Amino acid sequence: MTHKAAVLGASGYAGGQLVRLLDGHPSIDVVYLGAHSWAGQSLGSAHPQLGGGDRIMGPIDVNMMPEADMAFLALPHGESWKIGSALVERGVKVVDLGSDFRLDSDDRYVEAYGQHHPLADDLSSWVYGLPELFGPSISAAGRVAAPGCYPTSALLALAPLVHEGIVEIDGIVVDAISGVSGAGRKVSADLTFGAVAEGVRAYGVFNHRHRPEIEAGLEAFVGAPASIVFTPHLAPMQAGLLSTCYGDLAGAAGDVEAVLKDFYVDARFVDVIGQPPQTRWVVGSNRALLSAHADERTGKVIVLSAIDNLGKGAAGQAVQCANLMLGEPEDAGLTSAGWLP
Amino acid sequence: MTHKAAVLGASGYAGGQLVRLLDGHPSIDVVYLGAHSWAGQSLGSAHPQLGGGDRIMGPIDVNMMPEADMAFLALPHGESWKIGSALVERGVKVVDLGSDFRLDSDDRYVEAYGQHHPLADDLSSWVYGLPELFGPSISAAGRVAAPGCYPTSALLALAPLVHEGIVEIDGIVVDAISGVSGAGRKVSADLTFGAVAEGVRAYGVFNHRHRPEIEAGLEAFVGAPASIVFTPHLAPMQAGLLSTCYGDLAGAAGDVEAVLKDFYVDARFVDVIGQPPQTRWVVGSNRALLSAHADERTGKVIVLSAIDNLGKGAAGQAVQCANLMLGEPEDAGLTSAGWLP
Amino acid sequence: MTHKAAVLGASGYAGGQLVRLLDGHPSIDVVYLGAHSWAGQSLGSAHPQLGGGDRIMGPIDVNMMPEADMAFLALPHGESWKIGSALVERGVKVVDLGSDFRLDSDDRYVEAYGQHHPLADDLSSWVYGLPELFGPSISAAGRVAAPGCYPTSALLALAPLVHEGIVEIDGIVVDAISGVSGAGRKVSADLTFGAVAEGVRAYGVFNHRHRPEIEAGLEAFVGAPASIVFTPHLAPMQAGLLSTCYGDLAGAAGDVEAVLKDFYVDARFVDVIGQPPQTRWVVGSNRALLSAHADERTGKVIVLSAIDNLGKGAAGQAVQCANLMLGEPEDAGLTSAGWLP
Amino acid sequence: MTHKAAVLGASGYAGGQLVRLLDGHPSIDVVYLGAHSWAGQSLGSAHPQLGGGDRIMGPIDVNMMPEADMAFLALPHGESWKIGSALVERGVKVVDLGSDFRLDSDDRYVEAYGQHHPLADDLSSWVYGLPELFGPSISAAGRVAAPGCYPTSALLALAPLVHEGIVEIDGIVVDAISGVSGAGRKVSADLTFGAVAEGVRAYGVFNHRHRPEIEAGLEAFVGAPASIVFTPHLAPMQAGLLSTCYGDLAGAAGDVEAVLKDFYVDARFVDVIGQPPQTRWVVGSNRALLSAHADERTGKVIVLSAIDNLGKGAAGQAVQCANLMLGEPEDAGLTSAGWLP
């Protein structure tokens, strides 16, 4: 059976990757491409790298869309809530790649964004779309908020070990490095080639909006509140995200790698490997690569977690969620082969 | 019907891309992976970015291989001839991605490599595998030599216009820029990150081994001898190749773009566009993007030609040739969607 | 004796490099920094990489400036003419790094910029600031237009050989590759890291504004009109520029390298070397590296020319001109040591 | 007064930067260049980017060297001790950029390198060359071991705050990102452009050899033993190093920035700034840029510390030490202006 899908926000980086993945999906047909400022223009004008570039993008308006079974929202923050509910009311299943519905409470939303959520009561009706942690809920859901890229990498690394009581929930530090596409297709002075190449920088120190999301995800999976320190960095590369996650050993070091391997034994897209993963190995794929390291001397555990921020951290994960929601094989249209040589 | 394929030289860049493409091919199964120094090791040790990394690479030895319908050779120069004929004798169709059998005569081979071909009499039995120019011959062939990356981009740009009498065959200059993967997985001082990043350089001035190949290809398609000037450059990027091809107008400028568009009207993987193509738009795909520009003032034509050196310039083109040889759709297992955001 | 200098346009890339060089100059003191939109802000806000960042930039207004012996204009195209003459009238020597006064005639200006020059009669009173070709005129000048980066590299490569009758003035092709800083500190969608990294592109095919400038410079040095083909390319690097210059041999190949070496025997900043120069070797310096190659088979000469587009192609050359105008040693405040490791 | 200096290990990255700095030093003359495998070759063959490239490098042999006041050793690990003492015996002051004499005890050496120090008794006679922390000792020393790049950045960030009792000495995490030149001029498969570009990776998790050095430096400055966690990462850039240092607040947050600013008020090359420093801002200079951030919620302090690993992290710092040892101004021959545009 073929499902009809709309991609709203097709002109951005995540939108482009969605179209690329869905064009190769065996059981999903893209029936509509929506965009804001690019509406009326061809897909190829926004994404010269894609085939089928003569498809015209329409407006982001439920009344202009053909019938669809599934909608992917790849919109700027603060735009999804305006259309998400209307889609759900029409019986369209929705995966939102944006950040509007990722947090579990208005309090947390205020902490992250400094204002109240416009539809605070709806927050609880969205499922957090990290399949390896919340798979059954996603399969049963009609509306899913796909996680941010940093939370995806951090939660895959930490949630199992904290849940198993191997790593303390207090004192966690997540130090992460991302490629530039994580900032989306923004045109600003600090994202020019001249400002990015040959340099690294930290940003959002102590107050990045993904920090409350990591805490919410950890709390949801573990059942206890968490206060973490999160420091994102920007590195001069297109894509890829590496989180170096530090935690305190709850007891003896034991074999943290074995615990992590055991947890992900059936996970199609998560592999625990015996060496520090490189982001190069996952870019272009939907795979997450983890490695776990414990140190008796300092009582610390380090889990390294590498993903493609546009793949497992955005478009790939959204397709993975949609597969679950639609009853398709979890890996339909997805690959575990990275692109880099 | 599913065809069985062997990839010999699986540990290199082109070999890795071949495995990636063939793993996603709907009607080709990879039944054997062969390597020289990596024999006995897992695919994942050479290509951590690929899925199915636990497959073990065996030796490059026809007697150790299971039965196969097709063999892809992705070996260093001077290695293919040692095994190519043995494969053909066993009834295996062969696509050689290397340079052993690309030239049409021993004279040309001497010009390119400074020594006689070890199997000079065999040269004429290999078909030059550029489907857009020599498609019917490839479909009928049992052994195909896939072109080099530079010749692919240059011949797609120039052959039609020279053939149509729009560009003079004399006085052609091909100035090309390639990403680093074009040099293969070589470890040398001049290919370290420290030696490549933040710099461009020309190399092989007047005497690169791809120059005779471009001349041979042009001569084969046009029917007249050619003497071209070819200057390759290295740029700090992983993949992608842009050829800026200069030729003299044979008559009035006319609409060179229209002639080129017309020539490629049915070509699945070649698009003639109205602006200078960027290599970013083709990397990860099997597509070639061309643009044509004529200048009455100087009497010159410029054709720009962008490909992925590992895609249309190597592994993608090899799969395209194999599809023709096996009677499969020309685009089976291939994509025209680039990977970059 | 110490000279007082103003830098107008201090907030841009060339302006920043000028300040860096002049801060280390033994006999020039920077007494004023002027800027347009950055006026009122500190140097450090525009250039965090510079020392002395608490200096405040003032407006670009001759009435607001302290007395100065020399002014450097590093302004966007179309701004220098507004202030250049006023400075000259006050007895200030001027080096303009912009393009307002580089061309020798209004006709050429129209060809390059599509409109008449606002002060066409003044064009002839500016000296073209390429010291290796026009040194004595620069030493005697009060107003100098420093060449563009592409013309600098191309003219250093070609002018001596054409002048000596070794290369024909007709049929010249200049194919050049530049780093991104050549476009200045512009914020635009096609100059973001995401749009530049991992790709190369040609632009301004047949009609880049530097083409008439190369022709004007060649004509001024050789005494005969030139029609050249010029194709600039953008590569993913911060700085550096390589021109690959093609010309027809006027006679036998002879020793073009020896002729070029002989011409530059006394040039402090031009070296003719026996291998293709890499841009990495000159970035950070005021040096130009050339190599010359002749080919009897095709009758072509190739001269490769590498400079730092912000050094010898902009700020370094401007300081070199100023040294000549002020009677200081030609290399005062300049280095021939590149920065890259 | 002019001092005569020898650079031993002139062919490597640090050696090349030393020559570049010393060639511009107002009171140091380079009288000898020594190298191992490059001995007998010209400086320009190893460093085409340097001026004066026709200087020939000699062997690393005290008996072959002319008389010198100062020797800089930029040798691979395990080579300095063979020549360091012989130089000192001849009355030559020595700055060793290598790691042979950085640690204060054989125990620590065993921890870092897995074997006993060949001259363990000599360890205490070398002064640790971080001028901002140990300036007076350096001024009085005849032999100085310049710190590693990671320890330099981490100690500048942490030592003052731990010393002042603001940050706990226990529980420190140093998470650092370096450009590729930190690995030196090594030719290996994991340092090719193809293996480095478009990726980040951690390495030496829990056991990098710089970890004991950071602990030794902290202990020397603070007077109490330290056990830190240190994770270095590699990013696709030539140079630059950013340390993100995490520590526990000892009391209330207070104004950690003010304390740090106060400590460095007279430091010529360390600036505490109000925003996260970027490595781009220091590359090419001898400057360290710090920013300090405290968080009451989690009780953590973060200090960010950016240096040029080849500048303040190697050659620049060595020259700074030499200036102190020779009684020259601390900043002679050094710059606080970064090179990047």
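The first chain written gets the first letter, and so on, giving A, B, C and D; residue counts start at 1 in each chain.
The definition used in the following text is that a contact is a pair of C-beta atoms (placed from the backbone, for glycine too) under 8 Å apart; a residue touches a chain by one contact, two chains touch by 3 or more.
Everything numeric here is computed off the predicted structure, so don't read it as measured data.
Student: Comparing each of C-D, A-C or B-C with A-B, which pair has over half of its contact pairs in common by residue number?
Tutor: C-D
Student: Could you quickly compare B-D and A-D and let me know which has more C-beta contacts?
Tutor: A-D
Student: So what's the Cα centroid distance for subunit C and subunit D, whole Å?
Tutor: 36
Student: Quick one: report the Å distance separating subunit B from subunit D, using the average Cα coordinate of each chain.
Tutor: Between these chains, centre-to-centre, one finds 46 Å.
Student: Distance from the CA centroid of subunit A to that of subunit D, rounded to the nearest Å?
Tutor: From the centre of subunit A to the centre of subunit D is 39 Å.
Student: Which subunit C residues touch at least two other chains?
Tutor: As it turns out, subunit C has residues touching two or more other chains at 13, 181, 185, 194-195, 197-198, 236-239, 278, 280-281, 283, 340-341.
Student: Give the list of subunit D residues in touch with subunit B in this complex.
Tutor: 13, 180-181, 185-189, 191-198, 236-238
Student: Considering only the defined contacts, which subunit A positions touch subunit D in the complex?
Tutor: Spelled out, the residues of subunit A in touch with subunit D are 173, 175, 177, 179, 194-195, 197-203, 205-206, 227-229, 231, 233, 235-240, 242, 244, 246, 276-281, 283, 293, 295, 297-298, 300, 302, 304, 340-341.
Student: Residue numbers of subunit B touching subunit A in their complex, please.
Tutor: 13, 16-17, 20, 23-24, 48-51, 181, 185, 198, 238-239, 278, 280-285, 287, 310, 335-341
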